[in-house]
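Got a structure for you, written out below as structure tokens; questions coming shortly.
To keep things simple, chains are lettered A, B, C, D and E as they appear, and every chain counts its residues starting from 1.
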Amino acid sequence: MRIGYYPGCSLTSSAREYDESVRAVCEMLDLTLVEIPDWNCCGASSAHVAGAELALGLRARNLALAEAAGLDEILAPCAACFNRLASASVELADAPDKRQAVSEVIGMPYSGKVRVLNMLAVLERFKDQIAAKTEQSFRHKVACYYGCLLVRPTKVAQFDRVEDPQSMDQIMAATGAKPVRWSSKTECCGTGLSTITRTELVANLSGRIVADAAKREAVAIITACPMCQTNLDMRRPEINQKLQQKHRIPVLYVTQALGLAMGIDPQRLGLQRHMVPVELPEPEPEVVTTDDDDDED
Amino acid sequence: MDVLRNKARDLLAQGQVQVVIGYEAGTSGARRPSFARSEADAARLMWDADCVGNLAGYLTRPEIKKMGKAAIVANAATLRALLQLTAEHQLAEGAVLALVVTEEGAVLELSNAQAVTEQVATLPSSLSAADREKLERLMALSREERRAFWEQELQRCVKCYACRSSCPMCYCGSCTMDCNRPQWVPVASHELGNLEYHTVRAMHLAGRCVQCGECGRACPVGIPIHLLTCYAEESVRRQFGQPAGTSATLNYALGNFRPDDQESFIR
Amino acid sequence: MSRLGVFVCHCGENIGATVDVTEVAERCKHMSGVAHAEDYKYLCSNPGQNKIKQAIQEHQLDGVVVAACSPRMHEPTFRRAVSDAGLNAYMCEVANLREHCSWVHQKADSTTEKAVDLVRLQVEKVKRNKPLDTIQVPITRSALVIGGGIAGIQAALDIADSGHKVILVERSPALGGHMAQLSETFPTLDCSQCILTPRMVDVSRHPNITLLTYSEVEHVDGFIGNFKVAIRKRARMIDEELCTGCGECLQKCPTKNVIDSFNEGLSMRRAIYVPFAQAVPNIPVIDTEHCRRYQKKKCDRCAKACPTKAIKFDQKDEILNVEVGAIVVATGYQVMSTDRFPEYGYGTYPDVITGLQFERYASASGPTQGVIKRPSDGKEPETVVFLACSGSRDAAKGVKYCSKICCMYTAKHAMLLKHKNHNAKAYVFYMDIRAAGKNYDEFVRRAIEEDGVKYIRGRVSRIYEEDGKLIVKGADTLLGGEPVQIKADMVVLASAALPNHGQGELAQKLHVGTDPYGFVAEAHPKLRPVETTSAGIFLAGACQSPRDIPETVGQASAAAAKVTALLSRSHLAREPLVAEVNRRPAPEYSTCTGCLLCETACPYQAIGHEDIKDRNGNVLKTLAKINPGLCQGCGTCVSLCRTKAIDLHGYSNEQVFAEIMSL
Amino acid sequence: MADDVFEPKITAFVCNWCTYAGADLTGTSRLKYQSNVRIIRLPCTGRVDFMLIQKAFARGSDGVIVSGCHPNDCHYTSGNYHARRRWMVFNDLMEFMGLDMRRITFSWVSAAEGAKWATLVNEVTDHLRELGPYTEYQRLLNAGVA
Amino acid sequence: MPSCQVLRLLQYESSENDRRVLESESIWLCLSCDTCHSRCPQTINTPKVMYFLREESVRLGLAHPKSKDAQAFHKAFLGSIARHGRLHEIGMLMNYKFRTGHLLQDMTLGSKLYQKGKLELLPHGIEDKAAVKNLFKRTTGDKE
């Protein structure tokens, strides 16, 4: 099976390990990634400030390129890129006039056929294979953290349920992991534009998430978004300072976690690149559950 | 062929039926309807590829009804007509015995609607490939071209009503055309009247036409009017999926509806 | 040659201003068949009507066209006038010069021209009108009430008290509906059961009422005054004659884990059960879904226990066919369940409950004998948050409309909580407080001022669990949208009131319209609020839209009044504008070919068939036959008939044809 | 009005309960529209025989409006559904025979849509004014008796 | 000022209130997490509203002083894209620091990132840079 691939800027540098683990895991799942030729930045949240037209143009060019390359589905692992591209594809899907206008801007045709998928939507299709390919069962309590951009707004994401989403929990469960029930699944880590400009806000928001995860005794936070990963991992010093705590809970990309379960070499998954060292305890022992019979008196 | 003749002879001899409606040799190699009432008559019956006519129309004629129980040599279209007529309460269930000559030359006796329905289910649509192709060619034309085409054709109509009398579904005792209070359609044949007449005919056969093409064959001036009724029927099938002449129980597309019928032109 | 009279109305300035009325009258004089034409200021006035009557006498008119306002306005008026003058009422037609001409066009020749056309159109029609007599339909003088809640109970009692027979059908095993589930009622805080149970008993005792519980309407045929209804009486597996309601059987049932729907799932019941202690009738039902007898082919403990051998495991559903003259729909509502609220946890938090569930807790007859407890651990909650508008007024995730009862019952709930546990804290998140009604706002004020309920104006964005508490995150818009966070033990959703389940199917069976939300539609929002779009079918209570008890009871009595008015007559006069199959001399008998394609096209199943027989009884021809009692005159069959054998009185082929040709 | 502007002749078949009432509302709300349309009142769109439409054209109408209750709102519960089916076939057949379907307007106008009726009539009138007289049909008329 | 007040002020359609909104810091605080959007009973897309208000406030020169870092960030960001077609993080960060003068912010972090191989010294541009340049021209008119 093949699918279009849009790494996005951060996966080529600050989130390189995400890219590495995505490629490693997809290989294991026999999913061929066809990188969109000459893709450009989706514009993230900045493009909007310079005008909606530009924002749409930047996103549309990538869709058009994908279409030209004969790809009808593309995977955008970065949640931000996914959200941007998906909203563009939705916006253009049934608006011929808009497509016309944007085609002129980007100087190439786009017929509005391309569908954008996030990492989880793609992995969901491979649950069985994941379970099958799992070598050392990943029996850890994990906190599946979705953030904002994967599930919201429903019209754009068109995936999972907007509150208390389940897909990542199920994907992780397939490896034997025990996803904790927690309430910060879709709380915002504070990215938006503030990662660099308003670090104090970020520490505050991300802090709540880390604290909640720790409280539920998760040994790792699992995410599918570079922004979230960066904030929860890279900003950990600020967070701990803010919380007056020494939280050491690592933040893994869902693909890294799967990779480990599938027995892929940690180096290949880029675990060494994390700021918070990834050290997982011994997997919990397996508990055999028996279903109880119905009442007799 | 002999199998058919013998079968007919026996049926008549044993008095199971009083008349066998079938085909016999006509002038210049054509086939014409034949009404065998005696064992001798039975010898005239024929069956071959040229027996295309739809004989079902005769079944509803009083003079034929008078003859008593009838058997009919039936091709696909005739069978469909039988079902539709039964559905429309014009033939009592089992009132007619259908004789179908198989590829192998054997003769099947279909004595009830059930049997006919099953037989019909195995048959291809009556709409000939040639006619289907004509329909498509016409639809490919521009509206103006189509108008011109039908104007050309219909102005030649002399309102002889041969189409009407040949159509097995046109059994009505008094037709809209004969209604004079009010005079819906002018009696004389002129372009407007002709257009109205053929529209009415097509509309009245939409959801009822078994696409036998009898009207087209009957037209003395050779107007392909069967295309109109065939198209109307196709339209019904396409939009509502309720083909005529496939069941003996009433399922008239224009006498039913679905709340979610999809139409695009209503504002 | 007909002698028609045309009367053109000025309607003061309303028509006169843009149409040259005298000119119109003048031109009419010259229309063929018109014997007399005149114009007048106000034809609908008494003098105006008298002019028409006189003219009919003077000029021996045999038909009349009144050119005035919309026929939907004064057609009846003028037809009465015409018949007073000795002409058949249906020899009068109205040309709509006001709504369709003078009011919608500028003053111009073309406008007057149109007015003349509109009159000519009617002139040509009237020439072809035939005298018609109103159809007299006998009335079956009994009523069917669907739904045994307070609405149905009230309607049934009122109709029965007026001396008419009533059949009351209730889907569940007992009367009472939602009101039976309530604890106290606003604004008086009197106990719901205490005021309801006497009414339920009255119903069961009333000589004129036949009570059918555990029964549903299967099929409805017929029309006003003559409905034929098939009712499915579901098998209770109990012989109602033998059962004494002693309750022995209940104790013996081994299956104790069936969700109790009367307690809104807050408790368990047995497989054989009576919904609640005061149930009417006090006869148990066996729930075959859960009874071991049916699930595991074993156990007959209840049967063994029954002193009167009333338990009949092989009982079957019965179909009762009844005839009634009128129907009252009182099918009530249901509340949106908690799993419809994503941000409140999709119903995963046991301590997030609906208002109805709270009622059960607060009710003395409830699962906790009136002690407010929380489902998760049965502890008494210290802090309870109430969310008004849960699903209501929420176009995005819920319903657009206001559920109307929530503001009041939420205030009541908070109040009850405080009364039962003085240290408890009650918070109410609301968008607006809607407390219009007698003593309603006073009631809410009391909750706030005397009982110290904290009202917070704002919506709740999220609820989640933390250390056994429910964290309620919201905003206080009166503090400029400042975020509020409350650690609660229990959250009560005033969840939206929806049309009851099965409402849609029933509406179809009854041929009554519904609104976009699925509530039964009234015939007119202001002037005919308790009538449906189908004559003879009335409505009461929350099946029309959410409403409280006083309103429901009032409406039920109103519907009952309508029904008794209808049933007080022996016959019903109906407009004779119905379809008819033509007749011709033998041997044709009719142009109808008896193809009966029209049968399915009739929305009222009014078309059957008749056989023409000779004197030896041999069938000569079969024709379609239209029952004038059932026919409502839509004409769908008329336009379907290939031989024009069916025609519609008042809109006949000849009439309409002539109208077209007059243009 | 000036003689050079073409005034189309429009016949409207409307049901009594929705569109006729809707047109009444247009009046009571004093909304103005062009005066070319002549309304023929029928109980229900189910009563609209396609032959009536034919006859309207035969009588020289340049355009025809057929209008009734929205789906689900039919006073007779399903008359409009039956009507809709016939139009679906009629439309299709007319297309096939090459008739100018721009001349026929089907619409749902409820008793509450007085404004919609006004706009509908105006739009149809203007459109027909652009199209000009329905010569291709009226020519047949005048082709007269052979 | 919370978004509900922002919208309320706008509903007045009065220039004074509009100004108050455009000058406010609030419109720069939105993280476009879309939570409000997915909650709103009226499905109002608040982030989109905020984007628009930011554009306006910049266009009319009313932007809140505290927003200059954000603006600088966006300028740097867009600059990077305009030049390379993709984001070159170091270049962008440097650019940002010069624009804002936060020269020392995150210095240590930066080097850490570098050690972890998370920063690329040299930009990886796209082939068809012209395409993106034109895109910018056509939509914003400015060269950046």
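Operating definition for what follows: a residue touches a chain if its C-beta (ideal position, glycine included) is under 8 Å from a C-beta of that chain, and two chains touch if they have at least 3 such contacts.
Predicted model only: the values in this text are computed from it and were never measured.
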Contact-graph distance - origin chain B, target chain E: 2
Mutual neighbours - chains that touch chain C and chain E alike: A
Per Cα centroids, the chain farthest from chain B: E
Comparison of B-D and B-C (more C-beta pairs in contact): B-D
Separation of chain B from chain D, taking each centre as the mean of its C-alpha atoms, in whole Å: 34
Cα-centroid distance, chain C relative to chain D, in whole angstrom: 33
Where chain A and chain E are represented by their mean Cα positions, the distance between them in whole Å: 22
Chain A-chain B separation of Cα centroids, rounded to whole Å: 66
Shared interface positions of chain E, touching two or more other chains: 35
Residues of chain C engaged with two or more neighbouring chains: 343, 601, 640, 653, 657
Junction residues of chain A - those touching two or more other chains: 162
Pairs of chains satisfying the touch condition: A-C, A-E, B-C, B-D, C-D, C-E
Partner chain A, residues of chain C touching it in the complex: 254-257, 342-343, 345-346, 348, 462, 464-466, 471
Chain C - residues contacting chain B, complex: 588, 591, 593-601, 622, 640, 642-644, 653-654, 657-658
Residue ranges of chain A touching chain E (in the complex, touch as defined): 9-10, 12-16, 38-41, 43-54, 57-58, 61, 104-107, 148-149, 152-154, 162, 186, 188, 190-194, 196-199, 201, 234, 272-275
Touch list for chain A against partner chain C, complex: 161-164, 181, 183, 294-297
Residue ranges of chain E in contact with chain C within the complex: 1-5, 35-36, 39-43
